[in-house]
Every structure is written in structure tokens, then in C-alpha cells.
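Structures incoming, each one as C-alpha cells.
You will see two complexes here that share chain A, one where it goes with chain B and one where it goes with chain C.
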Partner chain A sequence: MLAPGFADPVHGAQGTFRAVMDALARPGLLQPLDAGLKPPAPLTPELAALALALTDADTPVWLDAGLADSPEVAAYLRFHTGAPLTDDPARAAFAFIRDPARCPPLARFAQGTPAYPDSSTTLVLALDMIANGERLHLAGPGIKGPTRIALTPLPEGFVAQLAENRAGFPLGVDVILTAPGRVAGLPRSTAVTES
Partner chain B sequence: MATRPLQPDPEEIAARQAVMALCADANRDDLDAAVKALAPPAVEDLRPPETGLVMATGRIGGDGRPFNLGEVSVTRAAIRLPDGASGFAYHLGRDRTKARLAATLDALWQDPARRARVEAALEPAARRADADRRQAARRTAATRVEFLTVARGED
Partner chain C sequence: MIRRAILKAIAVPGYQVPFASREMPMPYGWGTGGVQVTAAILGRADVLKVIDQGADDTTNAVSIRRFFARTSGIATTTRTTEATIIQTRHRIPETPLREGQTLVYQVPIPEPLRFLEPRETETRQLHALAEYGAMHVKLYEDISRHGHIATTYAYPVEVAGRYVMDPSPTPKFDNPKMDQSPALQLFGAGRERRIYAVPPYTSVRSLDFEDHPFRVQQFDQPCALCGAEGVYLDEMLLDDAGRRMFVCSDTDHCEGRRADGHVGTGDAV
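And now, the complex of A and B:
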């Protein structure tokens, strides 16, 4: 049974886009995101809002094992976005990850090319909670003063992978973190250290 | 949840196409009357009706090489009934209400228990569309020029 998309497609997509843009421009600052969607499980409302706002027929989408196993999720995304689904992370423009603990290494996603670093994958992770906390220290463009965030759950080896991702600048993936009602950005320019 | 067969019966596809073609021919008032007669349960928009452009393709004489005729406005609607049946409609023009009514009829028609009632409710629309088509054919026939009558006189 198909679930409805945005009640107001233009403003729903624009509001979501604005939240994601602000999140990537100010890494680590939490942006509110309430799209009012009720997508089929295990897709979270935040992942669905980003998928509906950002993907279309030109953006191959990679789903993690939990999402790819659900035919309802594939039907939902295909109907509302028209985006082709791919099982090769290196070809994906967007990757939606419901279970960050089992996310493939960041290096397996498209890293872009020196001429077109924007052709890399944007990862969207669904976390249980993002809070202003003590675990991760962020620095880099768009960050004024000390910024710390705590992610629950924090995937194992995630900080090391982010450091490796940043070392390849301007190549590398951008990460968008979502939690119920919230979105935060970790672009490739951000240096993340554990504190 | 019951899974639908991936390949529906070809006869069913043809019947559904015929109903949707009839909805496309009918006018908004006919569809409105048909939907009111069926008194559907609450209809929910899967995707609010929206208008866009579609490239229309033509063939000279119906079997020539296809060519792009021009862009036409098309309105599409997708709705869902409380029992999970979803209906879709693509209509020429910009009448969102009409496209949504046709999508509602599509969803209702897919339930075999309601099928006969939907087709009965569309009967007046079918008669009117048929009468319109005949009238247009009569008007065209009245302007026909028989080139045989202008044969050059040989002297």
C-alpha cells in the first residue's frame, strides 16, 4: 500500500532543502526538520523527506540492506521520486542508511573526480539521537568556535573513516545525519576528532 | 497484506484502459455525477494533482514515421482509498478536479465488487461522449468536398 508524499510538494521540498542547506553550511548545528511524512517502515520520516526533496530521475540511489529488503520502501521511492535504485555504492549520488552500524566503509562510495568533486555520493544516515554533547569535536569552514556533538549510535571506526575522508579533500563524501525531528551536516571539509 | 500479481490479466488491463479512456473523453460534470453516485469513502491524495508538459508524438496517416507534434498540458493525479487501493489518472488539459475524479473512479473500479457499479455510473458519460463523437463526425462530413465533381471538362 503506497503512502502519500508531501501534502504540499513545493513547500515541503523547499523547507527540507533549506534545512539541509543550513545543516551543511553550519556543520554540527542541529536544524529542525518536520516534514509530516509517514513512510513505510523501516524508512524514517527524515530519510523520506530528504529522498523526496533531493532525489529525482538523474540521481542513482543506494539503499542499505535493511531498506533494500523492503519492497514497500522501493515502491515508495520509485513512485514519489522516480530515482533509479542501484546496488553499487560507487555509482550512487545518494545513499540512504537506516542502520549506520552496518554502513559500508565511506571509501566504498563515489569519491568524485578531481575535475568534478561534486559527483561524489551524499550519505544520509538515520540515527536515534543527535545532541550537542561531548563526544565529537568539529572544526573547519562554517564552524565558529568549539562545536561538539554526540551521536547515538556512533558507528564503530566512524571518526577514523571521516578523517580519511577529509584527507582526500577535495574528493570525498558528504554526510547528512538525521534523527527524529533533526538534521545535521558533516561535509567533507569538516575535521572531526574524538574528545 | 495480500500481494498483487505482478502481471495482471491482459483482459483486465484492456478493461481498465477502456474505463480510463472513457473518463478522459467525459467532461468534469459527468465524472462528478458518477463519483457522487458511488459515494466513495474518504479519498487521500498520494500526490496532489499537478499539471505539466508532455511531448505529443504524431504519425502522418497513422502509420508514418513518428514526429514530435508539440507539447501539451497534462494533469496527473494519484489517490488512495482507505482500503489501500490506489488510482491514477493522466488527463489532457489543466483540470485538476477532473483528473482527481478520474483517479478516484480508477481506484474504485479495481475492486471487483464495485466494478459493475462504476461502469453503470459511467454509462451517461459514455452516451454523451458517443453523441459528441457522432456530432463531430456529422459536422465534418457536411464540409466534405468530392473532388470527383470538379473533373475538368474536355472539349
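And now, the complex of A and C:
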């Protein structure tokens, strides 16, 4: 049996979108996200909520190896969103990454074009934990005063890749971080440094 | 789809994201862009305020507020402090906005360079190259012709040090309120099919010159109804003899002050 989508599709999608909007508008601030979904493993409820709220037939979706290997996940996403799956990260509008440690380099995803920087990939990462912590220092639009977050796990070389991503502004990918019950945003406008 | 455009607009502050504007139950020019942005973001917990030139009680404001009350069952208000979403046509409320509020602008012409370069293909390139010399020439021509920068509304701003943006036809009086605002600012242009955004706590700099710095309008007298100074005033014609009165453009701000006991002179000029 296929797992159900949002119990209330209108307000489930709206609430998820609003959490993501607030997360990108205030990078590094943790927004609560409880969509009440029970998607097939290894898809997490947060990844599923973002997929259902934001993707449709117009958005090619790239799945990382762990998600792509599961026929249940593909069937779930295809039924609930109708989004075409792609195995080329440079063509993806959204990329869902269950295992951030094995995420391809950010530069391999669509970066947008100088005339249309909005045509870049939005990456959605599933982490074990996001906390207000010591590791990463954030600065840029939407950030008031010193803001620090700690990510667990922090993918190898992630900070250097984010710095490279920021250097290409206005081109670059936007990253949405999820953890159980939480979402945070790292849009391309945010400068991330290790403290 | 509109939601995805909003997310990209927030990620690239000041950049105009194209979107497939929908048919709305009102003609273009009446706020179809603002209505689509508001409809895309609002939820059960939101309280909506709609203003038209600062006023809550004009046709456009009343009909849009009633439209959302009827179709979404959302709570509405005229008080700036109570609202979580404020849809606006050409003013920013006098009451300072706070975190968690979203200001949705109705935008007629989103492209600040449009009257300098009519071709969209060219303005895209100019934005891509951050080539804004023509805009400075336009402001300079104002100075050479009038002795000062004569642009008083839709005054161009630079957002987060990169994109030059049209703040919609708000009076330039409101430009300083956009800088480092705690509220999220979203802009919807329905006919022109563009959405753009300024995240909270983002620098918004009005373009100017070292020897001709940006200045806002000054008014000679306070509001005739509530006596407020340092606010934007509307000129109201009172009779056929041409008697006029200057009153607050922001009706909620004016009513709030009068309820607190502030009284203006009530004098016509």
C-alpha cells in the first residue's frame, strides 16, 4: 500500500512552504516543521513534506543514491507529486539528499545563468540534528547579528563548497537543511565560515 | 509554482523572478500580482491588512480584504500592529514593522530600467552584468535639469549591494523604511509576471551621489487631524474654492493617534 500524503493537502502544503519561506528569509534560524507524514524509508518525513509541498510536473527531481535505490520512494514521490526524476544533477530543480556525507559537490548541480539565476537547483538535505551552536558562523541578507548553527553530520568539505557557492553570487544553489521536526535555510546569499 | 518563485526571490534579493501569472478575479492594475503572492503565502494563523495609498478604506483595499475574508476565511484587520501579512499599494505603514510580519507590494512595472531600455532581453543583460550606469545618468540628468534629483516615487534602490530594484511607486519618503526592515518584503507584478523580494535585515540603499545625497520629502505642517510630524501627508481638496487640508496618508496611524488624544489644528490651507 502506498503511504498517504498530507492529511490536509491545502494547509499541509501551505504550512510546509511557510516554514521553508521563513527559513530562507532568516538563514540559520530553526523553524519548526511537523507535517505528520509517514513516507517509505529511507525518505524522512521532512524531505517528503518539502517534496509534496514544492515539487510538481514542472520540477525535475534528483535523488541521492540511498533514495534512488528504493522503488517505494520513487513510487511515493511519483504518485504524490508527479515530478519527473532525473539522474543528472545539473538538470534538477530540486535535489533530495538523505545521506549528506555522500552528497555530490555543490558545483555539479544547476547553478542558474547570469540572466536567470533562479534556474538553479534547490538542495534539500536530511541531517540528524541542526542546533544553534558553535560550528558555523553565518552572515548576509536576513541575518541579524551573530548567528551560528551546528550541523550533524557536517559533510566533508561542505563549508569550503558553500564559500565557493557564495563567491559565484548571484549564481549558485540554495540549500535547505532538515532534521527531525526542523528546517533551516542556507540560501546562496549567505556567507558561511567555520568558527 | 508561485511559492517556488518566492523562495528563489528571497535567495537572490532584488532579482526579478519570472512566474506564470494567473487569471485573477480583477483586472490587471488592481493588484493581481499582490493578490497572487498573498494567496500563496497566507495560512490559517495569519491576520491580513490591505492598504491602498496608506488607507484601509478605499475601494481597492476594501475589495481585496473582503475577497480574502470570503475565499479563505482568514482574519482581517486595519491595525498595522495586529497584522501578520500586509498587502500594500504604494505605501509602507508609518508604524514600524516587526519580525514575523510580511509586506506584500502590488507592483505595476517591476523593471527599474524599463523607461531607459524598453527591451527585456537587454535589461536582463544589464542586471546580469550589474551595469547600472544608465540609471545614474538618469538621476544626473535630473540634477542638471532641476538642480536636484526630481524622482519622488519609484525611487531606485540597490538591494544587498547587488541588484538595482524598483521599490514600486511608493513615495521616496518610504525608501528608508525598507533598509534593514525586520519584516520580509515581497513584490508581485501580475501583468508583468515578476516576483521579487527583500529579506528581513537586508541593506536597501537609495541611489544617489556624494554631492547630492538622497533626501526624503519634508512637509511644512503637521497632519491637520492628528498633528503628527515626520509622516507622509496627503493633500485633500475640501471645496470648489480650492481650500486644502494636509492629513496623514496612513489612516490607521492617524486614527490610532487621535484615539490616544492627539489633535491637529483642523485648519485648511
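Structural remarks
The rule is short, and it goes like this: the second predicted complex is superposed on the first by the 195 of 195 C-alpha atoms of A that agree within 3 Å, B and C clash if a C-alpha of one lies under 4 Å from a C-alpha of the other, contacts with A are read in each partner's own complex, and residues count from 1 in each chain.
The definition used in the following text is that contacts are C-beta pairs under 8 Å (C-beta built on N, C-alpha and C of every residue); 3 or more make two chains touch, one makes a residue touch a chain.
All values derive from a computational prediction rather than experimental measurement.
Upon superposition of the two complexes on chain A, no clash is found between chain B and chain C, which fit side by side. One geometric descriptor of the composite model is the angle centred on chain A: between the Cα centres of chain B and chain C it reads 90 degrees, in steps of 10. Contacts of A:M1 after superposition on the shared chain: chain B is touched, whereas chain C is not. When the two structures are aligned on the shared chain, A:D118 is found in touch with chain C, with no touch to chain B. Touch criterion met: A:L24 reaches chain C, while chain B stays clear of it.
Measured by the number of chain A residues touched, the leading partner among chain B and chain C is C. Of all Cα pairs linking chain B with chain C in the superposition, the shortest spans 15 Å.
Within chain A, no residue touches chain B in one complex and chain C in the other. Contacts from chain A toward chain B in the complex involve residues 1-5, 7-9, 79-80. Of all the residues in chain B, the ones that touch chain A in their complex are 1, 44-48, 50, 78, 80, 84, 86. If you check the complex, the residues on chain C that touch chain A are 1, 3-13, 15, 17-18, 40-44, 124-125, 127-129, 160, 162-163, 182, 184, 197-203. Here chain A touches chain C in the complex through residues 11, 14-15, 17-18, 20-21, 24-26, 53-54, 56, 58-59, 93, 114-118, 120, 122, 140-144, 169-170, 174, 187-189, going by the rule given at the top.
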